[in-house]
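See below for the structure under consideration.
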Amino acid sequence: MADPLRELLELVRTGAIEVDAAAARLSGGTVAEMPFATVDLSRQARCGFPEVILAEGKTVDWLLEIVARIVGAGQDCLATRLNEAQTAALAAAHPTAEIDRLARTFWLRQSAVEPRGDVLIVTAGTGDLPVAQEALVAARALGSKVERIADVGVAGLHRLLRHRERLTQADVIVVVAGMDGALPSVVGGLVDCPVIAVPTSIGYGAAFGGTAALLTMLNSCAANVAVVNIDAGFKAGYIAAMIARR
Amino acid sequence: MADPLRELLELVRTGAIEVDAAAARLSGGTVAEMPFATVDLSRQARCGFPEVILAEGKTVDWLLEIVARIVGAGQDCLATRLNEAQTAALAAAHPTAEIDRLARTFWLRQSAVEPRGDVLIVTAGTGDLPVAQEALVAARALGSKVERIADVGVAGLHRLLRHRERLTQADVIVVVAGMDGALPSVVGGLVDCPVIAVPTSIGYGAAFGGTAALLTMLNSCAANVAVVNIDAGFKAGYIAAMIARR
Amino acid sequence: MADPLRELLELVRTGAIEVDAAAARLSGGTVAEMPFATVDLSRQARCGFPEVILAEGKTVDWLLEIVARIVGAGQDCLATRLNEAQTAALAAAHPTAEIDRLARTFWLRQSAVEPRGDVLIVTAGTGDLPVAQEALVAARALGSKVERIADVGVAGLHRLLRHRERLTQADVIVVVAGMDGALPSVVGGLVDCPVIAVPTSIGYGAAFGGTAALLTMLNSCAANVAVVNIDAGFKAGYIAAMIARR
Amino acid sequence: MADPLRELLELVRTGAIEVDAAAARLSGGTVAEMPFATVDLSRQARCGFPEVILAEGKTVDWLLEIVARIVGAGQDCLATRLNEAQTAALAAAHPTAEIDRLARTFWLRQSAVEPRGDVLIVTAGTGDLPVAQEALVAARALGSKVERIADVGVAGLHRLLRHRERLTQADVIVVVAGMDGALPSVVGGLVDCPVIAVPTSIGYGAAFGGTAALLTMLNSCAANVAVVNIDAGFKAGYIAAMIARR
Amino acid sequence: MADPLRELLELVRTGAIEVDAAAARLSGGTVAEMPFATVDLSRQARCGFPEVILAEGKTVDWLLEIVARIVGAGQDCLATRLNEAQTAALAAAHPTAEIDRLARTFWLRQSAVEPRGDVLIVTAGTGDLPVAQEALVAARALGSKVERIADVGVAGLHRLLRHRERLTQADVIVVVAGMDGALPSVVGGLVDCPVIAVPTSIGYGAAFGGTAALLTMLNSCAANVAVVNIDAGFKAGYIAAMIARR
Amino acid sequence: MADPLRELLELVRTGAIEVDAAAARLSGGTVAEMPFATVDLSRQARCGFPEVILAEGKTVDWLLEIVARIVGAGQDCLATRLNEAQTAALAAAHPTAEIDRLARTFWLRQSAVEPRGDVLIVTAGTGDLPVAQEALVAARALGSKVERIADVGVAGLHRLLRHRERLTQADVIVVVAGMDGALPSVVGGLVDCPVIAVPTSIGYGAAFGGTAALLTMLNSCAANVAVVNIDAGFKAGYIAAMIARR
Amino acid sequence: MADPLRELLELVRTGAIEVDAAAARLSGGTVAEMPFATVDLSRQARCGFPEVILAEGKTVDWLLEIVARIVGAGQDCLATRLNEAQTAALAAAHPTAEIDRLARTFWLRQSAVEPRGDVLIVTAGTGDLPVAQEALVAARALGSKVERIADVGVAGLHRLLRHRERLTQADVIVVVAGMDGALPSVVGGLVDCPVIAVPTSIGYGAAFGGTAALLTMLNSCAANVAVVNIDAGFKAGYIAAMIARR
Amino acid sequence: MADPLRELLELVRTGAIEVDAAAARLSGGTVAEMPFATVDLSRQARCGFPEVILAEGKTVDWLLEIVARIVGAGQDCLATRLNEAQTAALAAAHPTAEIDRLARTFWLRQSAVEPRGDVLIVTAGTGDLPVAQEALVAARALGSKVERIADVGVAGLHRLLRHRERLTQADVIVVVAGMDGALPSVVGGLVDCPVIAVPTSIGYGAAFGGTAALLTMLNSCAANVAVVNIDAGFKAGYIAAMIARR
């Protein structure tokens, strides 16, 4: 096997590359360091999108500071799972950002991107919409064209089948469902693209906070279904956009 | 096997049936489409009862709009698991509807139905009553005669056995129980009709929110016991009425 | 409330009924007593079908003796979950009985019954057949006409939809599915009869021995779906026949 | 086997016993019937103590009415798991009753009982006291002498061992513990009387609301340890008194 | 509080008690020490019965040696959960011991005990008999009179109710049940003595190896029911005898 | 919304399309029907790959017949999770098929495909190889170029980091890991392509048959990680190829 | 084996040791006894640190009294998991104590200790800081030098690797992580000291309140990782300091 | 913060360090690469002990090759969880290695180490010995002095307390227990050193394969108890030795 590390060190030794540049490549990137956070400023270069902030569990002050650092570095900034106080503070500090109250997201774009790839988001019920909206915001942030079809669960198949042609046109489909979580299996069997299934905590009793839907989706009899965490709309939109833009 | 699809297409080809009529039969039905919901307007024709609304997880605005669409289509409308705000809004918008605060249901009938079939609802304890009442409202909405016997759990068998004759007269019995969930097994062994068992989240500790009662019922030593989700009074009443009216 | 107990005692007091007859009505029935078993010989009168034997966990000797007692009482005898040794011993002792090796059942009929009611059994996959067959044997034993449709899981919807007309003709449908357990929700949305869902232990990994399918079915978005224990084909067939014959 | 039922019917037939008296013996008892409850008024005769009321899940009105019926029947009345509103209403309606705010119990005695049997209640921690107090109230209601030792968990063995002599004098010991639930095993190994173990929901993280302590106790390496539900102080005190008074 | 420790040390100081005797009382007892086991030889004095051996997980050699030590110390010896090889080896080494193959126990008595107390063991099904038999052997070893009633599960109540009088005569009742585990709640409501409930691993699917029955019993609506581990017949018999002999 | 159904029916009515062709488009496809299976013969057209056979739970006869039908229809045939007997029978019947004993797969190609897309499969440990190999066979069957890197778990990071450049070249990476399942999070943070994570049942104790790894992966702090069922190598390879070939 | 007990008693007998001193050694220590608590005053002597108070589940009055007793005995006093009311009351009563609102701890030192040992605390995310801070306070209370590195989770490896040298200098490392809990495995593979892993309840959905992270850590592929309870920062800091000071 | 990476690169640039040496430091080490494994040959340098082989899930051929590579690199080699075939093959290939059949380990030492640190291993029962022996072998391999005390569970406290003095002398104690897992809490309260608790799968029923003991230990009321995976004797011995030798 070729050894890129040795090759790089040879370049250093011969002066063909600066120590700083070599360090940057070797270290994997730079950070913004605070007493309470270490923001990964090279995530964009490495993974194609800046670090995304999970607002849950952070104080308003911490959140404001972290956002400020990312924005200050000239990067796009997406934050998810905002509560009321966090939303208000971010809105005040960044009046030009897009805040989506259904999705509970903050989105501040500093780059220009040409939309690429066709992501379709489908929900089984109306109650799944907040999670679906989080997926939509995330996929758009990553540069995809996104559309949403709501409330087409399997107990009334014709609600879904009337969209059959639209389904076959997507590059990737995100299916959001709580309760029995059966929709991804049905959608998966109708198309030849990947399906990202998002279980939601919608339901009661033996839904066990989305666990039932999660298990259904993991055991899907359709082979093209992959799964993300319960209520993880953001993650589904992120992966979907990543697939769609290839 | 005969092929009904080809037969229908032949009728289209020969003009024996209109395109619209054929489309209706093939598509499986019509819908009322909103940005947040796709109401199945042909559920009544296909399944014998209109789509029922799970209020939980819906905003008041969404709920009002969905109800308006169903009612506007001339269909009966049942909604379950209402919270306070939803109840108030629906009561204001539909003053003639029946609102049951114990069952947390909204019921607006636009059709006339002759009651058919005898559904008996039995609870193990007093705390199981809200779930039992939801079952009662649902079974009545579907057109059954329904009676309720409360608080006859197995720790005082004579409380149940004094109703033995009544039990044997029912077409189907819904048994609602939390804690140990033992009542359906005992009732099941006394009668020759189906028993629909509803576990409730009544109890504490190792009741695990109704899981204990659910497992008890699934493992019932009586062969005529089928089970629905924890606290799913609506579903039990629905199925019971469906069985009773055959 | 009328008091049937007092009325009966009055009859005893006045001699209008024999002590033996009164005792029989009050006791709820007779039994066949062995050191290891107490067979309920009045189950047929009370519940419409004789006691069914769960062979699992019984020695061959115990099983033979229990079967002999039921048969000796002139009753039909159904035993389920037979292992190899039990099957061989029962086949030798009762050569006229029907033994179904796929269902692992023993069935000895001593009564003549006119089939009544139309039970349809549908499986999601081929591996679900043993459980489906147990349901079929049980429903036939209880006097139903039964048909079976195999391997029409939701990943290829047309496999199911070509049977749509047949589905709408049944009095009750038993749906047997492992893995994601999504089929009952789809079937439930197509018909106006009760659906008895049977989760099976077919699957691997996060199927958790049928738990995933069980949860899916309990959370079904179709309101006409009731559930029995994992792999409980017998129970599903039993309840289905009980519903179908009403 | 002798047949007590036939013997009783013979007495009825010959007039040696009244129909009413025979009915009472056969029915297993009388009830107080309300639309929402069926109070078992013969529990005292049959089980040695009147029906105890679980207040949780009952409206204040229901609770007041049920208590009134039991008290009106001249029976002692114990209610557990009272919330604030229930406590206030009961205190107002029954000023002579004993209300224990730590135990969250209501206790109205109408009988005179000579204390019998020595019940010792031991807690692992201070946080286990509310559950222990519920046990104490229940055991006293059933007529036992009761003492309590608090906060002698196994991480400081000498705290427990200084009570070793006292431990060996009890007729039965109730051990209340959350977190690791280890105390019953240690106590069980020091004495020759039964130990009733009560897991509590005290703890955090992998305590899983008392599940960890419950499992510990079920798997106790001491053979004289039986277990009740998580936080079921009432039940532990009840059984302990029942054992102690034999 | 009086301080028994100081009192004992004073006796040592004044020579009123020998060092050896004082050491024995303080240490809590003597042991038989092997490289693989530390047998508690003072369990009998402290807890009223010698240490009982759980054979599971021990090699035949270890088991033989441990039994030899207990027997050599002149104590009674009970071993449970024997496999085939262990049974054969123990039978060969101790030809006078009682070996119960249904219970899988070894029992060698060296003391004479007058039976005391009336323990009744009741099973829900035939498959619960091995566990019930282990309880029976244990209770007899501890010196109780024991009787067994088999297969009187709640689906045929009259099977149980014909024993109602017998039930009310027992000092304590052990109820052994798998599947739905409902029997202890029913028995508990019929009697005024403690009920020790033993869940068994009999059942399939959502019985989850006895977990369903365990949860049912922990949540029993009868207040006089305490629970032991799944399949823990030994422990139930042990505690029952301890209660009965008081 | 345009209505493709009506448009198609218009074509039928005007004779612009044959009834047979219209029926094929409407029905969603054709099947091969056996008493025990309904093979979906239009899966290839609809989803891009023929139906794949899960051999587990099928008799050898069933399996042979199903394979024969697919092969007879001129389609490629992939079967997974073969046991010994199934492998032998298939090898005998189809000597030209590729059988992979590590992956436990059968693969018979009848089409010619130009490899497209670069799938990289990475395992955390040696024990994960059978699952990884199943993924490899599946991805190759779907037409991808596939490479495998084995045993580069996170406890020795340099094992992984020496492949960093190779990782960044893949179109999609399948990461297979048991035990702590931590590898996908680390890989996900190094690349800008989707990562399909496969938990395996490798591990012991609290690995709970792969559940620990499954949960780790669902909660991955890297946003580009989607998950499939435990040991579902086939599914991961399938989805990966589907992504890679876009 | 030498018998220290007998030796001590001989000393008593010969008067070489006082009864009081012997009692103290034998009893294992002294306590402060209240009606609701038994504080272990010899924990410091026996275990190297005074009893630590878990404030959760204690009333303010109980807590104040317990703290007063420990402080009154001249011992250091640490209390954890304080709520608002408890914090205010303790701050008022003990103005010189250190109260850490992030860690929710109370710390009153009465002894002078020379810091010993180097404990490093590392968190995967910002939301893990409260738990990490509790660990920090505990380790300092036990006399360690402690440093904290925040938010260096594995999705951005360079954030961690830039601290590689610092990691190798610590005597013990506490790693605090929620969500996927992957960080301890990575850290463990970089160092030759013990790693104490603390799962936190940070995360959502299938994080199941920290259970996912807990399982990840228990199954760590790094052999030097031991685990404490979810959110048990105190315990981790305690053990770490105990290791570091050896 | 100082930047060791840049410093190293400066050394390369100035020729003060060879490219090879710099590459070794940067890469984190070397590996032995096979098609099925990537052995970490610098684990010893980095973590203080060579990579240990988990034999479970590896073919005999794979295992032999991996062992050969480690031994060939002149490193010590420890393998755990060997089955019969693996044991036989390794014994034949490496006749001088120590094979422990109770621990199921293979141990081949090529280095000379002076034992350092005092590790004490304590088991609750005899059945816990295989796991304890694995811990013993591991701790010895890492260079500790190790002793073992067997079968001193808490139901007979004096069995443990007679070793009290020995307990206080250890540098670290490994406590191995199944069933109720209570022993670590008791031991933890007696000493001032860290306790590593190992739950075992010994037990039945609600022991759930060691889960009960695991939860007990995680919730230990003694603050000095850290936990490893169920049956993870190796890991406990490894960490214990690492602590003891500091």
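In this document, chain identifiers A, B, C, D, E, F, G and H correspond to the written order of the chains, with residue numbering beginning at 1 in each.
Going forward, a contact is a pair of C-beta atoms (placed from the backbone, for glycine too) under 8 Å apart; a residue touches a chain by one contact, two chains touch by 3 or more.
Quick caveat, the model's predicted, so the values are computed rather than measured.
**Q** Among the remaining chains, which ones contact both chain D and chain H?
**A** E, G
**Q** Among the chains, which one keeps its Cα centre farthest from the Cα centre of chain F?
**A** The chain farthest from chain F, judged by C-alpha centres, is D.
**Q** Distance between chain D and chain F based on Cα centroids, please, to the nearest Å.
**A** 57
**Q** CA centre of chain G versus CA centre of chain H: separation in Å?
**A** Once rounded, the distance between the two centres reads 24 Å.
**Q** At what distance in angstrom does the C-alpha mean of chain C lie from that of chain A?
**A** 48
**Q** Provide the C-alpha centroid distance between chain C and chain H, rounded to the nearest whole angstrom.
**A** About 53 Å, centre to centre.
**Q** Would you give the residues of chain C that are in contact with at least 2 other chains, written as numbers and ranges?
**A** Only 3, 5, 27-28, 125, 155-157, 162, 188-190, 205-207, 211, 214, 218-219, 223, 229-230 qualify.
**Q** What are the touching chain pairs in this one?
**A** Going through each pair of chains, those in contact are A-B, A-C, A-F, A-G, A-H, B-C, B-D, B-E, B-F, C-D, C-E, C-F, D-E, D-G, D-H, E-G, E-H, F-G, F-H, G-H.
**Q** Could you please specify the touching residues of chain G with respect to chain E in the complex?
**A** Contacts found on chain G: 3, 5-6, 9-10, 12-13, 15, 19-20, 22-23, 26-27.
**Q** Could you please specify the touching residues of chain B with respect to chain D in the complex?
**A** 125-127, 129, 149-152, 155-159, 161-162, 202, 204-207
**Q** Inside the complex, what are the residues of chain G that reach chain F?
**A** Going by the criterion above, the answer is residues 124-125, 153-157, 179-182, 185-186, 188-190, 203, 205-208, 211-213, 215-223.
**Q** Chain D touches which residues of chain E in the complex?
**A** Residue positions touching the partner: 1, 3-5, 28, 46-49, 52, 162, 164-165, 171, 188-194, 196, 214, 218-219, 223-230, 234-236, 238-239, 242-243, 246.
**Q** Using the touch definition up top, name the residues of chain D that touch chain B in the complex.
**A** My answer: residues 27-29, 31, 34-40, 42-43, 51, 54, 56-58, 62, 66, 81, 199, 201, 209-211, 214, 229-232.
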